[in-house]
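Each in structure tokens, the structures are laid out below.
Here come two complexes built around subunit A, the first alongside subunit B, the second alongside subunit C.
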Partner chain A sequence: MKKYWQVFQISLQQELYYRASFIMDRARSITIVIAFYAFWTALFSDRATLLGFSKSQMLTYVLGMNILRALIFSDKTWEMLREINMGRLSYYLIRPISYIRYCLCRDMADKCMHLVSSVLEVSFALLILNIPFYVPRDFLTVLTFLTASAFAMLLYFLMTYAVGALAFWTAESMGPRFCFELFLEFAAGAFFPLDVLPRSLKTAFELLPFSSLLYFPLNIFLERLDPEALLRGFAIQIFWIGIFFYFTRAIWNKGLQAYCAEGG
Partner chain B sequence: MAFLMQFGNRWSSLGWLGGKMIRFIFFFIFLSAIFRHVPSVANYSLAEVALFFLTFNLVDIGAQIFFRGLYMIGRDIREGDMDFYLIQPVHPLFRISSNLVDFLDFLTLIPVTALIFYMLPKVMGNLSSVEILWRGFLYLLLCVNGVLIAFSIHVLIASITVRTQQMETTIWLYRDISSLGRFPVDVYSNLFQAFLTFVVPIAVMVSYPSKAVLGFLSLEQIFFSFIVSGALLIFSQFTWKSALKKYCSVSS
Partner chain C sequence: MIPVIETRHLSKEYKISIKQPGVKGVLRSFFKKEYRSVHAVKDLTIQINKGELVGFLGPNGAGKTTTLKLLSGLLYPTSGSLSILGFIPSNRERAFQKKFSMVMGQRTQLWWDLPARETFKLNQKIYEVPDSIYKKWVEELIDLLDLKELVELPVKKLSLGERMKAELCCALIHSPEILLLDEPTLGLDLIMQKKLRSFIQSYNEKTGATILLTSHNMSDVEELCKRVMIIDEGQLLFDGALEKIVHHFAPDKVVTLSTSTPLVKEQLEKMGKIVAMNGKTASIEVPRQAVMSRLQALFSQGTLIDLSIEEMSIEEIIRRAFLKASSLKEIEPRTKESLEPSPEEKPNTSERLLP
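For the complex of A and B:
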């Protein structure tokens, strides 16, 4: 366990060392928040509710989006693609270390940095802009939200790990990964709540694993789900975690058999 | 060469293209869907907001096609390629910019242009033919002006990179700020609008062309937009030349 703690610490130090990249990453998230905050504020200028959201719920969704993006979507799987394609994966395979745990620790360090930064950004925005923030009435809501977020992190890790395994078969996995990431972000509700979409599209997206990542936890926080919807949401999350757990393991094992350490 | 490289890596190129199309389609669905619930956004109709969004894409893609190579300048400096470009009998800015021409963006430009042609008659309504021609001409001119502003900003960032041998990530900051132009700048607060007009002229770059078509742009603002692009162009060229004078090879 100690070696993984070291990986976590080194990764954290690396994040702190490459500050410019980190700041640019944050700048990206902040501009998304600014754009959607302004957009929704303009929409709520002459109405109290829209799409079943009150103004405070919608603006909390936008701010929560920033925090959950940092917590769930921060990852280092792009590095995994490079490591496989350039043969650097061999360094890990010959060492007494589990690559998946190594990646997990690296991801956690990234998530920690981004989470702290996003919480500070949101707190700053709340103070400066005097945004009406929706606070859950029940403490149990917060616990349920945290549980759903933890499941979302696990699901996202398994999904990106599966997509990353594409690199075992092709050196051209960067493009498909980019495509997957963009689809995932939109389908997860990382730009806007899925309630905006036509009903049929929304229903389809709710059954896919993506909405479990962001839209579902945020709806829990905003107390917009009845007990039935809550149970259904958790069932969908657990179902997809199960599917991806086996799928990712299978594809990774197949990939390792196909791996020939090109360039390593 | 850039063309061959992109079409040699078919799967990767398809992925990048797919991602760009997904982003474009989802934003378009978002805008269309939102107008099923509200009649206007910042007093703009669906067709008008769509025009702002499409114009942002037109200018942004235009800049992406021709100035992609400038994104790689940091790597070119570190790996010594910059020295090689400087001794070639071609303008270094042109050489670096054309290093990577993103042909995939030509493909994304097709639906954007088609939709602009579809939207323009909708927003111009019952104007006289002369007025339509004038506004169309102004739109085109201001879009070219927007690409020029984008070029100047790219050159400014490239100059900073040459001077510092880092800071290339600043280009991503610019990209993020420019993405605020997806929506009409009128949705932002007055202070932020001023920032997007006078500090980082994204509003001039991507919002002014649409405003010209809608007839919301005064003559002073039209002149102002050309002054901004002219001044930025001169300043960026001056900064580039001054950066080159200070350039010292780092790795060849």
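For the complex of A and C:
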């Protein structure tokens, strides 16, 4: 599997080449952290708990969000959309390499870069702002959290590739992808914990695949789930992974058939 | 001779959506997409032997690229069959993919922001070329293509010609037995075109690889290919040696003459078809077998100052081939080769088609 290792390396080089846009992207996430830090600190100034969160839990949610976003929400599917639309995909199809695995390696390089940067940012924030960080009491919690995060990564991969496959049929796949991202951020709990929603809406959102991506793993880390909720969360995650596994595969097979190497 | 590329009655039909112009058209196609089907390749039967360097000529939209895409396995044929080295391309077997390569003139497989050498290395791993072989071979290619320090620069800094050379190098990392080149000289200046051609030729001679190149640049084919296929509107019009095309589609030679006295149109018309006439000079197309006998009359008048007898330019010949084909659609493409009319009795079909 040396070829995929090489893809990872060359992708990493490419990432380093676009330092400016990478730094911009990180600046965006740091801004989000600072904004939410200020917001929640203000709200917690006269109370000990809010929406069932303690102050340290809420601030850890914000910081954890930064790391999980870097790990889960970073991908190169925009690149993929371009490759399909411009017909560059042809070059991958005629070489002895699997395009999906190639994309995965490219995503991994992106994730690595973002993760390293995000961990540095969070450590920095912890030191400077003296944020009370919530440390899980049980080591098992960390293991469970890592497992849920791994599932979340897989689910996100399958979801974005299903949306990306739209590019096989329309040259305007960027639009749907943008809408997807907007809804995704909100529904995954990237802005606020889903607890801010009315109870019925929250329950509904928890059943959607999005909450499995960020909200669920972070709740594990913050030890806010009872065993029943934990099992339910994993069941929802696995259910959606199963659904998207078949759906994404089917839509890709269909897409590749429809692919006519545009232009020329 | 071993055929390495074989197609039988290969056809490919596309469906393309039609968009009406204007906002109204966009809205209309948003709700109701209309499709038109295009027959990009029609009943193509060809056979290419190992080591051949074949030129695939045709105007834009003739079906050249579609044929290459079918051969590379990017497209499924609508009907008919094809095989390369015994493989069916659209199965996209790894063993097949390691044996061929394709360069698409307008597209790049190089990583735009990185030095070309990085993509070479990537291809080495993708095609699983052993380090020891790769190191020697890549340096040889770089040397042959005169790339040297260019491979250390980000690809986007290269000129079109330099990029095309890097592109070729990248496509040859795994020493493919079959090389498909789609418009390799498109947009390049004459010197670069020449360099690329001589490289392609030496690669063919050195490795014995089978090369199929498409072009609408006649010089590519003239210099490189002994065998030429002409395709238009998806149909094969001609398949054979380049010299044969001349006999096929250009039964006339062009006689250009200058005289000391003004030329008489009626007299010239007896010689052949007048292409241009301007006082004391004229160009006439004369059937090749009759050139000498008809010129005799001129000599005897003794007013001749200058005379040249030339073959038509290949470009012109090909252009005629296409024009002739469109006016002779009912004739099967395959049979045309044997249909060579003797110049004397040949009806001058191209006459009204000349500008």
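Assume the second predicted complex is superposed on the first by the 262 of 264 C-alpha atoms of A that agree within 3 Å, B and C clash if a C-alpha of one lies under 4 Å from a C-alpha of the other, contacts with A are read in each partner's own complex, and residues count from 1 in each chain.
Note that a residue touches a chain if its C-beta (ideal position, glycine included) is under 8 Å from a C-beta of that chain, and two chains touch if they have at least 3 such contacts.
All values reported here derive from a predicted model rather than from experimental measurement.
Of the two partner chains placed by the overlay, only subunit C lies in contact with A:13; subunit B stays clear of it.
Shared-chain residue A:3: touches subunit C; no touch with subunit B. Once the two complexes are overlaid on the shared chain, A:176 sits against subunit B while remaining clear of subunit C.
Between subunit B and subunit C, B touches the greater number of residues of subunit A. Using the contact criterion defined above for the overlaid structures, shared-chain residue A:203 touches neither subunit B nor subunit C, since it reaches no partner. In the superposition on chain A, A:28 makes contact with subunit B only, not with subunit C. Contacts of A:97 after superposition on the shared chain: subunit C is touched, whereas subunit B is not. Using the contact criterion defined above for the overlaid structures, shared-chain residue A:253 touches neither subunit B nor subunit C, since it reaches no partner. Shared-chain residue A:191: touches subunit B; no touch with subunit C.
Subunit A has no residue lying at the interface with subunit B in one structure and with subunit C in the other.
Those residues of subunit C whose C-beta lies close enough to touch subunit A in the complex are 14, 65, 69, 72-76, 92, 94, 97-98, 100-102, 104, 106-109, 111, 113-114, 118-119, 121-128, 154, 182. Residues of subunit B that touch subunit A in their complex: 9-19, 22-23, 26-27, 29-30, 33-34, 36-38, 41-42, 166-167, 169-170, 172-173, 176-177, 179-180, 182-183, 186-189, 192. Residue ranges of subunit A in contact with subunit C, taken from their complex: 2-3, 5-7, 10, 13-14, 17-18, 86-88, 90-91, 93-97, 257, 259-261, 263-264.
Against subunit B, the residues of subunit A that register as touching in their complex are 20-21, 23-24, 27-28, 30-32, 34-35, 38-39, 41-43, 47, 50-51, 170, 172-183, 186, 191-192, 196-198, 201.
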